[in-house]
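There are two complexes below, and they share chain A, which is joined by chain B in the first and by chain C in the second.
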Partner chain A sequence: MGKHSLVFYKELAAKILFILSASAAIIAVGLICVFLFMQGLPAMWDMGVIRFLTGTDWRPTWNPPAFGILPMIVGSIYVTVGAILFGVPIGIFAAVFMAKFCPAPIYKILKPAINLLAGIPSVVYGYFGMVVLVPFVRQTFGGSGNSILTASILLGMMILPTIITISESAIRAIPGEIYEGAIALGASHENASYRVVLPAAKSGVMASVILGIGRAVGETMAVRMVAGNQAVLRMPHEFLMGTRTLTANVVIELGYAYGNHRAALVATGVVLFIFVMIINALFSLLKKKEGI
Partner chain B sequence: MNKFSIKDVNLWYNDFHALKNINMSIPANEITAFIGPSGCGKSTLIKSLNRMNDLVEGCKITGSILLDGQSIHGNIDVNALRKRVGMVFQKPNPFPMSVYDNIAYGPRTHGIRSRSKLNDIVEKSLYDAAIWDELKDRLKKSALSLSGGQQQRLCIARALSVQPDVLLMDEPTSALDPISTAKIEELVLKLKNSYTIVIVTHNMQQAVRISDNTGFFLLGEIVEYGETQQVFSIPKDKRTEDYITGRFG
Partner chain C sequence: MLKKVIKSAVVIAMSLLIVGCGGSTSEITTDDSSGISGQIATITREEGSGTRGAFVEIVDVTVDGNDNITMEAVVAPGTSVMMTNVAENPQAIGYASTGVALQDTRVRVLSIDGVMPTMENMLNGTYAIQRPFIIGYITDEGLTPLAQDFVDFIFSAQGQAVVAERGYVPFIPEGAPEYTPSGLTGVIVVNGSSSVYSLMQHLSTAYRELNSDVTIDVHGAGTGHGITAARDGLADIAMSSRDFRESELEFLSPLTIAIDGIAVIVHPSNDIDGLTLDQVRNIFLGEVSQWENIR
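Now for the complex of A and B:
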């Protein structure tokens, strides 16, 4: 064996195991990228990139078929913006409450509850949306209930745990001296918390919002169950009408699609993937800038 | 004229008896220094004067502290007390916002909204803290971009922005270089005309240079308190003498 002992080979084996495990994640992402782009990009090219992205008609059964995904791009943006409008203010207030106001006994219940919220499968959210939110929206605002508004409320709930958890840790990471500095000027606890500590944590809070957006854009099952799914270009004031998101478009039709139709769905996936990449890039930029 | 009258003050952090029977008067418009080794209670006492100790869990205080003859405990507005009794901390703690907003925060908190009034306050506070000339062109810059010494003078300006009577300084120069320290000492001497100043310091030369009165603390007790000249030249207590001549501490 020469100078190499058993320990050496054990360590070598462990090292290789760790490298392989780490590579698995990278290989998976790489493979997804390669296959998605290999199948999606040529199809997009054949259909005409501009026509595909800005076309307002999605008619796979027409002759010739029309594959325009603008309604779905806009639909994804609507429900994501809606989710932000509902989820971000509530999430940030909740995070400040948890970090600065919450009595210990309540915290002991609240914290695990929020962690649980993060772990609920999206189909369960979707079910909740169908049996509670859809009838609620229908009775309160009219329409069918399957709408942009309903999907926005549901998604807003789903991004809460992301926003609360990350914002709360960002707020807790602000040194106590900053808070004390405000208190020593005669500021109330509320004022010091909201006007000094929260702004000081803004980069972490922003990060939580971006991750929440990522989750909202990518959410599929729950949205599909409450959004109505009409592939029709909606205007913002039509928030009580149904819409279809990029994710829903893929999941609804991929099961029976073939040929050009199938390629158009893969291309939809490519667009979604690019959306998510942009969001992740924003997050990394912010992280680099602020050193979170 | 006494600004503070401290009578029979005892303070506990849970079971730890941090201050024992403190009795002293702090005269107005003078500089009073607290000296003593680490853990002797000097910072605890200064934090009792604006009730920052209220933030410490398990902190219990007995006895009385009077500010201009009125108790600072009991049924008073603690925020109003802290507005009157400003504080500068050991480590410069500017808010992570612009120089301007750092100074304007206090007055805004106390209800001043007018832009021109705020501008005046920012200028006057920075001017009084002897840092206006350095910062007048950088008001929109982040306070975190300033040097440590500038940050500390900014914090002094911030404390002045709400027009306090008293300025408590908890080792304000211990994190600073000698030049910044000299600037702050010079500033403190100037400020004593308008404010009552209480300063905790580890640096005995600093106490000699700037203070009118010195209190020497040891293990939660005040061992000796008197005019700085007297405490440092002819200390009455053997322990004070040992400390100031460097035999321990």
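Now for the complex of A and C:
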């Protein structure tokens, strides 16, 4: 035997195991980065970055083809903003309700229900959207039903659990003294909750919103089933018309694409990746500033 | 105060529920006794889909040789999404393989130039929109003995009977040779057109009843995907619902296994019985956008 005891080797083995586990995530991100940028950036360069990003025609099978992803960039922004409009107010109010107003028996039902909402696979949301929301929007507002509005409502539902869960914990993390102090100064329960506790928890609430946005931007399966997927540049007032998101563009055509078309789709992935990186950077900035 | 908030929350939840129920139970049809009218909701398959490729080519929905299906058409990725979209939307018009469309009672199949896409009309060639179902393999490598045996089965009397049973036109309508099981074992991977997929599933089930030691992996990822998979060595056999392009014929050998029609489909409440090929073309080009302009 060497000079080290068995305990030493056990320690060493555990150390190596943990380092490997920790680096697996980093290696995965690194590999995806390298692969995506190596394949996507040259293609984007060849097509002309400006023309690719600001082109409004997406005609990949034409001769000559046209690869402009502006309609998809704008489409992704529309459905994400729409999801925020639907999901954020409902989510934050639900979080305040759950943290400050909810009677215990209702909480016992509400909490698992929200967790369940988070666990539903997106294809199920998509099917629900296709057979319930699409006809509902068509009958109520007109149009084909496959629209920016429908996708926004569906995404709003899908980001609810993220927003509610994280906002609720942020609100609960605010020290009780702050609430009690407000009450002591004569504020009502509602005033103390909405004017004192909620603002105190704003960094956590913002974090939940940003994570929700991340989910909305990246959502693919459900969106492509309800959004109509037309690669047409829409104006904001055309919210009853269909749109195609960056994610849908990649997933719908990747199976068929080869050559330049495939490269253009990978480049679409790069743009999406940059979108998500910006959102995550915002999240970390917020975290640093507020020290969540 | 707390009670008030709970009360109002309950009221809001209830009213949301009522609105939701109202939406799902209200009428779906256009309730217009004088027939279908209003905006046509054109629904198409995605670029690269074999069904779309064949449809565009046969109906000639092109400008300067390029696929010119209106950009306003809703893009349904996959046959099942297409069927659901048409089944749910009274204004819709779409297209799908006849093998699928004729068996789906949620949609109505239109006649084209007065001809319904029946087996008989496809065999005698009077139905205009029909295309071959093709399987392909890499020319240089040929088929493995096992894959060859499966292909022999497809072209046998038993295999072609499965084709006819599923509502497609067999490539060899009569006098195909009997198939005798070879006793081979192993795995065959088949990938490609989502339209051919369901037929291939039934063929593989019938084949495995005779050769229980063979596993057949059938994937319906789309024509283009299947061809890529075969080229990259990920599939033994590629399925296609359109003729191979010249660039594909450089490395692929095609075998036609069946003929399939493409049915033009609408919502069951739509009272139009048929369209001419030209009308179909104009609808999908986006030149006609109102149902009343068809009547």
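The definition used in the following text is that the second predicted complex is superposed on the first by the 292 of 292 C-alpha atoms of A that agree within 3 Å, B and C clash if a C-alpha of one lies under 4 Å from a C-alpha of the other, contacts with A are read in each partner's own complex, and residues count from 1 in each chain.
Going forward, contacts are C-beta pairs under 8 Å (C-beta built on N, C-alpha and C of every residue); 3 or more make two chains touch, one makes a residue touch a chain.
The structure displayed is predicted, hence computed values, not measured ones.
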### Message
For A:200 in the superposed arrangement: first (chain B), second (chain C), both or neither?
### Response
first
#### Entry: Touched partner set for A:155, first chain B, second chain C, both or neither
neither
### Task
May I ask you to decide whether A:231 touches chain B, chain C, both, or neither, giving the answer as first, second, both or neither?
second
### Message
In the overlaid three-chain picture, which partner chain does A:265 touch, first (chain B) or second (chain C), both, or neither?
### Response
neither
### Task
Determine, under the contact definition given at the top, whether A:130 touches first (chain B), second (chain C), both, or neither.
second
### Query
On chain A, which partner touches more residues: chain B or chain C?
C
### Query
Now for A:188: first (chain B), second (chain C), both, or neither, which partner does it touch?
both
### Summary
Dual-contact residues of chain A, meaning touching chain B and chain C, are 188
### Query
Which of the residues in chain A end up touching chain C in this complex?
59-63, 97, 101, 103, 130-132, 134-136, 138-140, 143-146, 188-190, 224-225, 228-232, 241-242, 244, 251-253, 255-258
#### Entry: Residues of chain B defined as touching chain A within the complex
50, 52, 55, 79-84, 86-87, 89, 91, 93-97, 105-106, 109-110, 155, 158-159, 161-162
## Note on the structure
In the complex, the residues of chain A that touch chain B are 175, 177-178, 180-188, 191, 195-196, 199-200
### Task
Give every residue of chain C touching chain A within the complex, in rising order.
1-2, 5-6, 9, 20, 23-24, 26-28, 39, 41, 46-49, 65-67, 71-77, 81, 84-85, 88-89, 91-92, 221-225, 228
